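Two complexes, one shared chain (chain A), two partners (chain B, chain C).
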Partner chain A sequence: MNVVIRKAGLYTMKIGIPRALLYYKYKHLWEFFFDELDIEYIVSPETNNEIVRKGTTYAIDESCLSSKIYLGHVEWLINKCDYILVPRISDYGSGGTVCTKFQAIYDVVSNTFRDRNIKLLYYNIDPKAADFEMIAFLKMGKFLGKSKSRSLYAYLIAKQMQKCAQLKEIDEQKQRLSENKTKILLIAHRYNICDKYIGEPIITFLRELGTVPILGDIASKREALAKSIEISETLPWTFNKELVGSIPLYKDKVDGIILMSAFPCGPDSLVNDIVIRRVKDIPILSLMLDEHEGSAGIQTRLESFVDIIRLKKGDFNEKT
Partner chain B sequence: MSKAYLGIDVGSISTKGVVLDENNHIKASTYLWTEGDPLYAVKRLLSALKAQLDSSQDKIVAVGTTGSARKLIGAMTGAAVIKNEITAHAIGAMSVHPDVRTIIEIGGQDSKIILIENGIVIDYAMNTLCAAGTGAFLSSQAQRLHINIEDFGEIALHSTKPTPIAARCTVFAESDLVHKAQIGHKKEDIVAGLCKAVVTNYLNNVGKGKKIISPVIFQGGVSKNVGVIKAFEEILGMPVTVDTNSHLTGALGVAILAKKSKVENDFCFDMTDIEFKTMGYECKKCSNNCEIICIYRENEIIDAWGNKCENGAIRKSYKN
Partner chain C sequence: MKKLKASFPHLGSYHAPLEVFFTAGFGVDYIVPPPITKRTLEIGSRYSPDYVCAPFKYHLGNFIETIEAGANTLVQSSGVCRLGYYGELHEQILQDLGYKVHFVNLAKYKAPKPINFYNGFKEIKPDMSLTKIAQIFPVVLKMFEHIDEVEDFIRQNVGFESTIGSFDKVHADFLSDLRMIRKKKELNNTYRNYMKRFKEISVKKPNNPLRVGIIGEYYTIMEPFSNHYIEKELAQMGIIVDRWLNVSNTLLHYPKKEMKKHIEDYVKYPMGATSIPTIDRALDYAKKGYDGIIHVKSFGCTPEIDTIPVLQNISNDYKIPILYFSFDTQTSETGFTTRLEAFYDMIVMRKEAKK
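Moving on, here comes the complex of A and B:
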């Protein structure tokens, strides 16, 4: 290991990033950090049938579809890079905790592929051990043979870029919210809804139906967290708090809400139930995705949902 | 010669057809088993409908299709409207019972609830991918008990003390059922318990958090089961109406939609003599390996679907 660090200047080390789970949330932060440090990286391709199939064979039955897909992406990266970036997140301190899969995925990956000579990049966030996000990045930089000041600079730049990208997204979504069409709020984790294989077909189909999809995950996180107490004051999970907080933020600007989860997501099953019981006066559709193919069931549900919204609005002939 | 509208509802089990005149009166209707071959089922359906009509009097100007084979049959008949069964059922039920407030529907694999106020759909919900508490659940339990599904409801009516059965999941229900039978519960009590379980399951899952207001219409295959009707009336404490034509509601709804669409095409019953066939193949152009289905009319391709990306798109040489 030390050899690689000393030789970092000569030997071009390559980091592999699985295009799954937190990649969708931290894409800019990670990529700009490595860019600033002149470190080469490779991101696994968009999810396809083969990645899902492989992930399903490596994962245990009970894990969620999103984690299965993650393992498929890790498998794709093996032998294509030197280290794979697999973050371990314990929790976000006062911001809330995370689902067990984010706490466990580092160990799950290293155990699942232990006989494939896999090397993982150390990235650990654990506020109780004073491993905050910045510390995690400094440690990562040190491991990659970069000086503390350079790593800190790279982290700050990357953080800024991440922030800019978020603001841009929110701005673009604001434009979509002002469109004079049927608008549907999608309450879904970014790693599900932005996934090419499981989430994107839903967005595409909603557009084909002539509606404007609004993503609950695109919102000011600070505002969303504050608003989440209108749905529940006691939710433990940060990501779910941010998501449900977008409901009070956007509810009056959209015509319907879709709760989309990957089977069998534990946090979502509880949170979706709370939402269905507590959010009234707007149509809500609960959509569960699993690896069984066949989009017919999903399309029937989406199509009828949009029809019902239009019947309600009285403009059913908008597009039949 | 007067205009007429044809609605076809092709489900997994049965195929239904309705011909309407301009005042939404049923001029002809047929109900037959799909028997796993929707193309042949529709040919038989068309012959049966043709026999009921006076071809010098009525001319079909628009066709609507619904049900799980709606796309296939829509391509075959050159339908003006291809609509999901949920919307079709809502439209159909409202045309027969304009004052309806709640539509309960339990089919072979789907169950849904539609709430209506002043002739406008205000809310709706559908089961998630799990088929617990639907027709499939009842028919598998009927098989286990060696009872004809047609007699199921009648047997349940003989019970004075229904056996409580856990119906959250088909697998659990089955083991619970075996256990209850082994410790000496009477068969009619178990059957009545199953009917009750379907209702509680429906109300806890699909009807969760929804306010059910009279008049209530119950439709779908399970509505033919008097045991379930009785259990609904007992638990809801209000009368539940089941229309004798309830099996035709979907076809009726889509015929109305075809009429509303104002799209008119020549339609000829002679397609019973035309050869239609489908062929499936696996697209190997990318790692998704999509299953593509092609529809042929006299060996000419008229439609194709199943591709997830543009690579697999097949050009239609002839579209009816």
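Moving on, here comes the complex of A and C:
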């Protein structure tokens, strides 16, 4: 009897995952973890106009576009699941700090939707408090009623799967790098560049122009972190370090760099300027996206950027 | 080697202790940055990335103006949030502009603050004396505290002075006398004398004056030019102003644990930079029945933006009005005054209604 009730309880438990911000980084880790534990989950759909509109309504006007979109996804999940996974990260210890948005988003969500009776899943990473990633997952497993050993096993499996996925990506990108076409390195947070609303139109358009987009966020993180020192010594934010470090890794294999940021991104406001001032021998385009940006304006800028690159290449080819 | 003439960006009235620290501690000359003006902000903005938070632009303007005033060694602090990365970009911009100066970027050193100062300066001034620094350091800290105590007192009273300008006059004398002080005893005497003088200034406080608390982002709250001299404006309206955020409270007496506990019904985690005191003070002012709260920050300041949904909840729960100001380099004086006056009218009406 008891068992049945518990089982029934388990089956109805459903986690909601907003398809925004860190989802793009931890997708495999989260999904495989829940799969392993037989926990049902639902991921909000690709960003659409309605999600952007809702997010913009709920967010404080000055927030970055990425976090506005995040709130839109959270809103979509309300009443469709029991708990929403809103990760909170304090920092990555010796790996660096995070944009304060990742320290704050948990409480931003809970305060913004306080009257909607929203429940958030526990997920906090804080190396100073010895809350490392594994501990965070064990606590999450405990909260979901799973034994420690089972949670640990699920975490380790999920971690492996995430690693595999990363290696596969890097491999695929290697192939793209060997294509004999104009290649453009996109330096952008993954949650921006992979978002259907912010980044995807840019990738699609670059492909239509016959170029090959290369993602700075697809790279060996360890190598990128180490390489970032070559460009900037005191850069504090892990995600920006990884992106900046991909420039020395890929620069000689690409023809141009696009720095793409969500308005008015805090870390990028400084980092992009450093990159523009220090990376000299390659064309760089800086794009700032907000919810009012029309695609026409962006397309014109991308077109002329690609023209400039091709002109340069043409000159170069003539000389050799 | 040329004599080192060092400088640090402005922050409120703290140039006196900084000057004492640099001259008596490091044995270098100190150039107080020229007072912040429209020009400071203009040149700072011209060479800064467009949408960086305003303190970055003010600092850059300060740096350029102190170089013009003769400084050859600039110091930038380390810190949380974007401040921790200001220095490297400031140095790069100044270098690209062709300025030949020493730049001491404390973000390069991973030790606690005073030791960082020492490490940073040793590079350019190897003959520094640790003894001198150790001697002056406690005096400097006490000076920060006394400045904060004095200014707390001013905020409580300046709105009611019988002769306009009395407090400002004594305050200016106080700050200028501090610059000469090297010993704790002198400091104690000076502080006591001035407190006496402040207390002697004639004030006419009504029985139940309006009370407003100011909260928000570190720089904007402390640098009067950047917040359109909001505390002065409020004083002229006859309002008592409370503000917890200052250097000694954040550096020396920061009850982080208590504050986190106090606000746990609203937030579970620190949200970065000044978010904890912002929320904690707002809640405290709300509980104490203040007439209103004013939140100030520079445009795009992520941690303070993120406190706003929390402040809105506090405002609803305790029925306390909160006015939000976000200053960017283009904030218009008229827009600012209009909103402040409307807020004033509203809290006056509410107070009347409560009677």
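Structural remarks
The definition used in the following text is that the second predicted complex is superposed on the first by the 302 of 320 C-alpha atoms of A that agree within 3 Å, B and C clash if a C-alpha of one lies under 4 Å from a C-alpha of the other, contacts with A are read in each partner's own complex, and residues count from 1 in each chain.
Convention: contacts are C-beta pairs under 8 Å (C-beta built on N, C-alpha and C of every residue); 3 or more make two chains touch, one makes a residue touch a chain.
Every value quoted in this text rests on a predicted model; they were computed, and no experiment measured them.
By the touch criterion defined above, A:P127 reaches neither chain B nor chain C. Residue contacts after overlaying the shared chain place A:R277 against chain B and chain C alike.
Of the two partner chains placed by superposition, only chain B is touched by A:K312; chain C is not. Using the contact criterion defined above for the overlaid structures, shared-chain residue A:P248 touches neither chain B nor chain C, since it reaches no partner. Look at A:G96: by the touch rule set out above, it reaches neither chain B nor chain C.
Contact with neither chain B nor chain C is seen for A:G145 once the two complexes are overlaid on the shared chain. Of the two partner chains, chain B is the only one that A:N49 touches; chain C does not reach it.
When both complexes are overlaid on chain A, the residue A:C64 reaches chain C alone and has no touch with chain B.
Across the two superposed structures, the residue set of chain A contacted by chain B and also by chain C is 263, 273, 277, 288.
Residue ranges of chain C in contact with chain A, taken from their complex: 49-53, 56, 81-82, 84-89, 92-93, 96, 105, 107-108, 266-273, 275, 299-300, 302-303, 305-306, 308-310, 312-313, 326. The touching residues of chain A, when paired with chain B in their complex, are 48-51, 197, 201, 263, 273, 276-277, 283-288, 290, 292-293, 296-297, 299-301, 303-305, 307-308, 311-312, 314, 317, 320.
Touching chain C in their complex are the following residues of chain A: 60, 62-64, 88, 90, 97, 99-101, 103-108, 110-112, 114, 124, 232-237, 263-264, 266-267, 269-274, 277-278, 288.
The part of chain B that touches chain A in the complex is made up of residues 68, 81, 83-87, 90, 114, 120-126, 128-129, 208-209, 257, 260-261, 286-291, 308.
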